[in-house]
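Each of the next two complexes has chain A plus one other chain: chain B in the first, chain C in the second.
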Partner chain A sequence: MTMASTLRPTGRDRTPDSHAFPTRPYDLVKEFTLALVAMLVLTIALAAVFSSPDEKPISLVGWAAAAPNDVVATATGELAGTTTSAGYGAPYNDAGPGQTLGPLALQRWAGVTIPVDPAQDLVLAPLRRSADPTTAAALDTWAAAPPEQRTAWSTAYSDALTAAPDGDPAGVAPGDYGPVPVIASSFLALARTGGLEGALDPSGTFYGGDATRGLLLLADGAYLEDQARARSLGGDQWGMMNETGNYPGQPWMWLYTFWYQVPPFATSENADAQVWGLMMLLTLGLVLVPFIPGVRSIPRWVPVHRLIWRDWYRRH
Partner chain B sequence: MSSWTVGLRTRLARTVPPGELLPDRQPAYVSSWIYVFGVLSLASLVVVIGTGCVLAIGGVTWWHTSGLGHFVNSTHLWSVELFFATMVIHLWGKFFMAAWRGKRALTWMTGAVAFVGSIGTAFTGYLSQTNFDSQWIAGEAKDGLNSVGIGAFFNVLDPGQMLLWHVTLLPLVVGVIVVAHIVLVRRHGVVPPIDAVLDGPDDGATPTGPIPVAPAARDLTTTG
Partner chain C sequence: MNGSYVDWGVVHISVANLVVIAVMVVVFLLAVLVPFHGPGSGDGDAS
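The block that comes next holds the complex of A and B.
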């Protein structure tokens, strides 16, 4: 192959073959080895100086001890069907329509693959393990009542808890709450003893490992979010990309997190689906940069390449 | 039927011609600090995988109870931060060099997919921590993933599933893509500077006669 044919532009792309250029010695293996040593030393130094954050997980016992009224309110909310998971929809249940991306109901179409009936799975079933006769009687009363009655009891109690000072069950005004106060207080008692830990694992086997139900329950309460907000991890505090403590976390998530902070996403019912849709589009854009007219020409207009190849440009 | 062995050898030789895999010379224009960042991304990825393997020896919760485990976790975290920092600088460098020119689009695309894949891998790592941070991140992230149907089979609330994605599936995918990326870089050689190019389809430049290239002091084999 001659020099000329090597340099002749082929097709629409006029970039010459890199092998046609003058060369200089370059030791790739040495470069890599030095890079590896540098990264290793830097890593060890950063780890030694800054360590890494590790805050203990919130346990259900800890929740019951720190925010007992929140446990009672959450259990009541599960029975009343007013919590986040009780109205969630796919993939946990059919209780909500799920988010949509324009005409695409991706959430609903994907189906209920991780079935969770919050009243049953998060509150009543774990309580069934209790040997306490009062609890058992309350559960029987609940089971025997028609659905409208259950909703009336639990909604009334939920409202009464909200009205009580500090949400303290002791301060609730008298009313027709059926077995709900007993169920909710038994639930708190179970949580306090540690009996709830593990009782929420759907496998029901010795080997746990799936925290879905426990996490749904925790997230239905206010305590988890309060703890997170106290550490500046709220959704509107750029929470997804931050870490506990003063650690960098996942700064590469900044663009994803950014959309949640601004309209229209900040106030949209379908913010999650919209932000995901937008990010998928932008990701596709990143992958296809070489083919997008305009975008692929930006480097030609911005003279950063003049700096990068300044030695070469000086001589040509 | 001809020999499969010869076929594979020919194929490999065509993918990365002999002498191109580890050449000891580079084009003269390869002289800038920016070139170091691709190698630094690769080196920090090796450290990420290495520290992750040490962490795996101790198991899932080792690092909560052992001082040594916690230190190894710290090295894993910081090597990841270094990996992303160097990779992002590398990405912007390649962008401003328009390094996809000259049939290098696939190099750019594999790089971009490696970037996105690395974000997913890091994310599952955060979910596998079994601490307060992973509880909170899982609770937040589930809504995003569920909203587009991904949550139906990728359950961020199940740390067992997340850990397996983190330590097997995703590193494998990222690893294969990075290998492809580097093979592509060696196959095409380092992209020439921008004005060694006649005008492209929409680059606005007008052709100014012959390409300004010094006579070749070619000592690299070019095949095919």
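The block that comes next holds the complex of A and C.
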């Protein structure tokens, strides 16, 4: 005698024995094979007709060719310590608190696991390889100067670039910028040669595979964001949902990216952590739907299931 | 390059994503409304 047969539930809890249900033969392998073949044919046909997005990757040499003034401004910003990466916090440095959720310093908890000193690692170290005597002399002057002097030079040059027409270094007003203009222009020259990507790789080899520093540098400039925004990929453009061109993107991300578009998240410095926290809360709510009064009754008020099993309901 | 987008208040959605969402809604409605035929219809054959 089984446990099930010893229990005698009554009323709506009564569950018939599984052997009492009607049965019929069903070829699951046939259905699986037909579905697989149909999906394969459909995938190949759609790929042949529509292909996939084929945007050219943005490289540092491409950046130098398309927006040289932005390269100079970014290098100067790295020296002045005013770029995004300079104040990013974990995992690159301790310069900022990063994303927090109320009193919880979520980003700081991860620690500095990929230490990056933007001025040193993104600008000065790659230039040290240069054999150019003018660049070497400028780097020596920079290294010999006290930190306050370096900040004064780089900040003054950064402000002068901002004031110049189109940020063109040639249009910068005369001033006390120390070696910064030479360093920045040498940096642009290095980027134009195509050697910067390899020089930024911490492994030190031209064919290294760690693009972290190159991407940090690129993201510190305005060019990358401009390119992203031109393709509706910005965070405040529902970018998480979008794909370049006329290709469909990730519509299932609608709720996650929706919060970034509305207050208070749209203007919050901690939107990433806050939106994540809210989505975790909503996910918990979804998991607990059967236990939430009112929400768990929605299927009774919107009886879609009666439509799906309408044959059964018609007969019972 | 940028594709075609529809703007409606705070909503900024690509036409391609709208088409995908519309197709998903249509497929869902078809799956609910189109009757199954043959021996597998309803809640199974009594045998």
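By definition in this document, the second predicted complex is superposed on the first by the 276 of 316 C-alpha atoms of A that agree within 3 Å, B and C clash if a C-alpha of one lies under 4 Å from a C-alpha of the other, contacts with A are read in each partner's own complex, and residues count from 1 in each chain.
Here is the rule we use: contacts are C-beta pairs under 8 Å (C-beta built on N, C-alpha and C of every residue); 3 or more make two chains touch, one makes a residue touch a chain.
These figures come from a predicted structure and were not determined experimentally.
Visitor: Which partner chains sit in contact with A:Glu148 here, chain B, chain C, both or neither? Use first/second/both/neither.
Guide: In the superposition, A:Glu148 contacts neither chain B nor chain C.
Visitor: Contact-wise, after the overlay, does A:Gln261 reach chain B, chain C, both or neither (first, second, both, neither)?
Guide: It touches chain C, and chain B stays clear.
Visitor: If you stack the two complexes on chain A, which partner ends up touching A:Asp166: first (chain B), second (chain C), both, or neither?
Guide: neither
Visitor: As a test of reading the superposition: which chain, chain B or chain C, is in touch with more residues of chain A?
Guide: B
Visitor: Looking at A:Leu36, would you say it contacts chain B, chain C, both, or neither? Reply first, second, both or neither.
Guide: first
Visitor: Report for A:Ser232: first if it touches chain B alone, second if chain C alone, otherwise both or neither.
Guide: After superposition on chain A, A:Ser232 lies in contact with chain C alone.
Visitor: In the superposed arrangement, which partner chain does A:Asn246 touch: chain B (first), chain C (second), both, or neither?
Guide: In the superposition, A:Asn246 contacts chain C only.
Visitor: Identify the overlap between the chain B-contacting and the chain C-contacting residues of chain A.
Guide: Touching chain B in the first complex and chain C in the second, residues 21-24, 26, 243-244, 247-248, 251, 304, 308-309, 311-312, 315 of chain A appear in both lists.
Visitor: Within the complex, which stretch of chain A touches chain B?
Guide: 1, 3, 6-7, 9, 12-29, 31-32, 35-36, 38-40, 42-44, 46-48, 50-58, 88, 90-91, 98-99, 101, 106-107, 109-111, 113-114, 209-212, 215-216, 218-219, 224, 227-228, 233, 235, 239-240, 243-244, 247-248, 250-253, 270, 272-273, 275-277, 283, 286-291, 293-294, 296-302, 304-305, 308-309, 311-313, 315-316
Visitor: Going by the contact rule at the top, pick out the chain A residues touching chain C in the complex.
Guide: 21-24, 26, 230-232, 237-238, 241-249, 251, 261-262, 304, 307-309, 311-312, 315
Visitor: Any idea which chain C residues touch chain A in the complex?
Guide: Its residues touching chain A are 1-5, 10-17, 19-21, 32-33, 39-47.
Visitor: How about chain B: which of its residues touch chain A in the complex?
Guide: Touching chain A: residues 22-32, 34, 36, 39-40, 42-44, 46-47, 51, 63-64, 70-71, 73-75, 77-79, 81-82, 84, 88, 93, 95-98, 100-105, 108-109, 112-113, 115-116, 119, 122-123, 126, 129-141, 143-153, 155, 157-161, 188-205, 211-220, 222 of chain B.
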